[in-house]
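For reference, the structure I am asking about is given below.
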Amino acid sequence: MSQASWEARAEWPLAGAAILFLVVYSMQVIGQPNGTWAVILLTVIWIIWVVFLVDYAVRLYLAEHRRRWFIRNIHELLIVALPMLRPLRLLRLITLLRTLHKVGGHALRGRLVTYVIGSVAILSYVAALTVLDIERMEPGANITSMGDALWWAMATITTVGYGDFYPVTIVGRLIATALMIGGIAVLGVVTATLASWLVESVAAETTAEVESGDQALQNELAEVKEQLRLLLESNRTTTSEKTPS
Amino acid sequence: MSQASWEARAEWPLAGAAILFLVVYSMQVIGQPNGTWAVILLTVIWIIWVVFLVDYAVRLYLAEHRRRWFIRNIHELLIVALPMLRPLRLLRLITLLRTLHKVGGHALRGRLVTYVIGSVAILSYVAALTVLDIERMEPGANITSMGDALWWAMATITTVGYGDFYPVTIVGRLIATALMIGGIAVLGVVTATLASWLVESVAAETTAEVESGDQALQNELAEVKEQLRLLLESNRTTTSEKTPS
Amino acid sequence: MSQASWEARAEWPLAGAAILFLVVYSMQVIGQPNGTWAVILLTVIWIIWVVFLVDYAVRLYLAEHRRRWFIRNIHELLIVALPMLRPLRLLRLITLLRTLHKVGGHALRGRLVTYVIGSVAILSYVAALTVLDIERMEPGANITSMGDALWWAMATITTVGYGDFYPVTIVGRLIATALMIGGIAVLGVVTATLASWLVESVAAETTAEVESGDQALQNELAEVKEQLRLLLESNRTTTSEKTPS
Amino acid sequence: MSQASWEARAEWPLAGAAILFLVVYSMQVIGQPNGTWAVILLTVIWIIWVVFLVDYAVRLYLAEHRRRWFIRNIHELLIVALPMLRPLRLLRLITLLRTLHKVGGHALRGRLVTYVIGSVAILSYVAALTVLDIERMEPGANITSMGDALWWAMATITTVGYGDFYPVTIVGRLIATALMIGGIAVLGVVTATLASWLVESVAAETTAEVESGDQALQNELAEVKEQLRLLLESNRTTTSEKTPS
């Protein structure tokens, strides 16, 4: 089996594993369970980890140029190997976004808007969850509940930034920076989509005029051709009339 | 009577009821009246509620596929049934915006600008009012007067976000999120309208050139046609001269 | 003398008076002078006021339809009559912007950029000055020096809004709101100018192609015309040759 | 040797000196070394200063109109002469950006994006470094570690502005203002690039239609030319047939 066909088959199971991971991780962070529940959740997370590990190993094994693939996909190893980068496994959810892609239809702007809404929702939620997980126990931290974390994420991604909540750890700030950049991207996409729609709507009339101009030219040409046809005929008549004489 | 004709007839009375609701709700929140006044305002709010309830019931009764209409318009039931969602009745004010629509004229950008100014004004005022109503009594809240609430709304919708005032309750934060998204929309519409205007202004010259090119082509074609006409005539003359000979 | 010719003549003296007002007002607010200096500055401000009052009176006198002019220009009366609205006299500085207009050259975007830089500089400085004047004596105010006021103005017009300084009075907040709206306008103009420039640069190639297409058509038509000319000549030769025979 | 050829030769050594300055300055500010290390770093900074001084002197000497060059490049003298403006020597790093230019390829938007990412990275880092250097010892300052300074720079350039950190000195605030303006530029470029790409993608279809219209016209013209050729030939045949008769 080639690497590509494995990736095609593994795409959806891995997206499912990422969703399961998101659910279990959310329960862990928000619910902070004790006893049996904590053990169950931890077990599920370990199983998901094994799934990702197996996927990594199979893809490495199936790679045409193993060494080159290893070096180019060093980030995948880090995501699998380092527990700290666990949340990055959620990048698998991009598979879901690719499906939204199809929902958005053929129109470029429709797809873009669907992507943006999907990305913003996932990015905000995951950022809030991870920042809460990291900051909660930190002395001097102010993001200590899921409500506060979501509120902070909204104020950050819209670039409002009240400053009533903000991360204080390095990892929390790195996530916040990703969220800020996401916010600038959102502003950009919203504005650009609107601008493109406006430009097109206004330009539609202009194009219609240019096309009607082309149409007029073609009508004129048709007349010219008709006249030429008459000429040729009359010429032939002349010639044929003359020949017998 | 069909549902559509009821909706057409009920549109303006309901917009009127929404305006009345806005006025009475404002008086309640800002004035915090006691005694007789409080009773009068409460009575008016109850009457407006009955109006919205009747409208909902009639539309449900007139619906072609009642069950389907019921499921699709579940949000309308919630707005009528839950006192907490009362401010959403102000969505009826969109009817007014649709009138502004006509004020803005035929031009797409003109209408867009009118929509934005209208929406921003209504959104900011309603958000300030509702947040004040919800936050005021909350322990630890800092938005406790209409002046502060309006100031907070302005700092939020422009994405400045000083952080001197911010909501602390869940409902208040949901309203704030709506306001932030409104702010991004405002930024987007302002920028896009400007960009579209600039692109069009710059493109106007380009189009003029293309059109003058078309004009030149048409002039050439006209000359060609004239020459052909001469040819045909001269040909016919030749033929006719020859025929008698 | 007509109202229009008075306005043309009074334009520059009034802009000069506005600049003088800005200088004197700045000295008053920043320097907070005592004794003789305070008296001199106050006298100059009173003289400037008389200049604006005379201008208002003359324009009212020269108006064709005095009542209509009075109603339509009620804001001018308020600016002259209410000392609180004194800073609005600086709106006369728009005359200066109109000159910048000429500096920016014929290009639409060049002019726009010049306008924006000029407006931002004037708006920020005037807002900082006025807010300082209004807030300074207020209990609980935090904008108490010109440096802080300018810093606050920069953080506001760029929509950063740290929240280390913010106005606390109603008038101060109204000025801040104007500054925020100015900030959104700046963002919009900067982005729109860049977008328009990019769209045009990319479109330039497309237009070049369309024009080369037109050129090709014209070349073809020229050939067609040449052939027709030959035809006509050969036809005439035929006819003339035939006529003598 | 002319001034231009000196500048061409000195460009890369000076960029190297600027990078070295950045490294040494970073070590000085972040590491705050004592003893031998402090002396070494200081020595290197003095040597770099001499390099910049020599470059300035040589360019002044080689200038065609020395007085004019001196007046027009007064800012270069200030950067060399005033220790406070030392960080501005990093402007030499623009040479590096010009190289990124080439990396971005021929496409206008590709180059723009490369410029923006490069500028943002350098601007944020240098601003954080300089603000930390200036603020650290100030009483009442809150930016006292490189982590905090970088975090503050990110919150500022994205216009989020939490307000958990902010400069309190005049120089620090001037740098912050530069960073804010940089942030607005970033927002503008991101949005404009997206908008231009969207407009072009949507316009590509329109252009294709216009071009197919031109193509149709050219096909018609080709037919016309063919018919004319036939006419001319038949005419010549007629004439030649007639001549012998």
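Letters A, B, C and D name the chains as they come in the text, with residue numbers starting at 1 for each one.
FYI, a residue touches a chain if its C-beta (ideal position, glycine included) is under 8 Å from a C-beta of that chain, and two chains touch if they have at least 3 such contacts.
The shown structure was predicted, so the numbers you read here are calculated from the model rather than taken from an experiment.
> So, comparing C-alpha centroids, which chain is the farthest one from chain B?
So the chain farthest away from chain B turns out to be D.
> Taking all residue numbers at the chain A/chain B interface, are over half used by both copies (same) or under half (different)?
Homomeric contact, different residues on each side for the most part.
> Approximately how many whole Å separate the CA-defined centres of chain B and chain C?
Centre separation, chain B to chain C: 28 Å.
> Taking each chain's centre as the mean of its CA atoms, how far is chain A from chain C in angstrom?
Chain A and chain C have C-alpha centres separated by 40 Å.
> For chain A, what residues touch not just one other chain but two or more?
Within chain A, residues 159-163, 187, 191-193, 195, 199, 203, 210, 214, 217, 221, 224, 228, 231, 235, 238, 242 contact more than one other chain.
> Going by the contact rule at the top, pick out the chain D residues touching chain C in the complex.
Contact set of chain D toward chain C: 108-109, 112, 156, 159-163, 166, 170, 173, 176-177, 180-181, 183-185, 187-189, 191-193, 195-196, 199-200, 203, 207, 210-211, 214, 217-218, 221-222, 224-225, 228-229, 231-232, 235-236, 238-239, 242-243.
> Report the residues of chain D in contact with chain B in the complex, numbered from low to high.
159-163, 191-192, 195, 199
> Enumerate the contact residues on chain A facing chain B in the complex.
147, 151, 154-155, 158-164, 186-187, 190-195, 197-199, 201-203, 206, 209-210, 213-214, 216-217, 220-221, 223-224, 227-228, 230-231, 234-235, 237-238, 241-242
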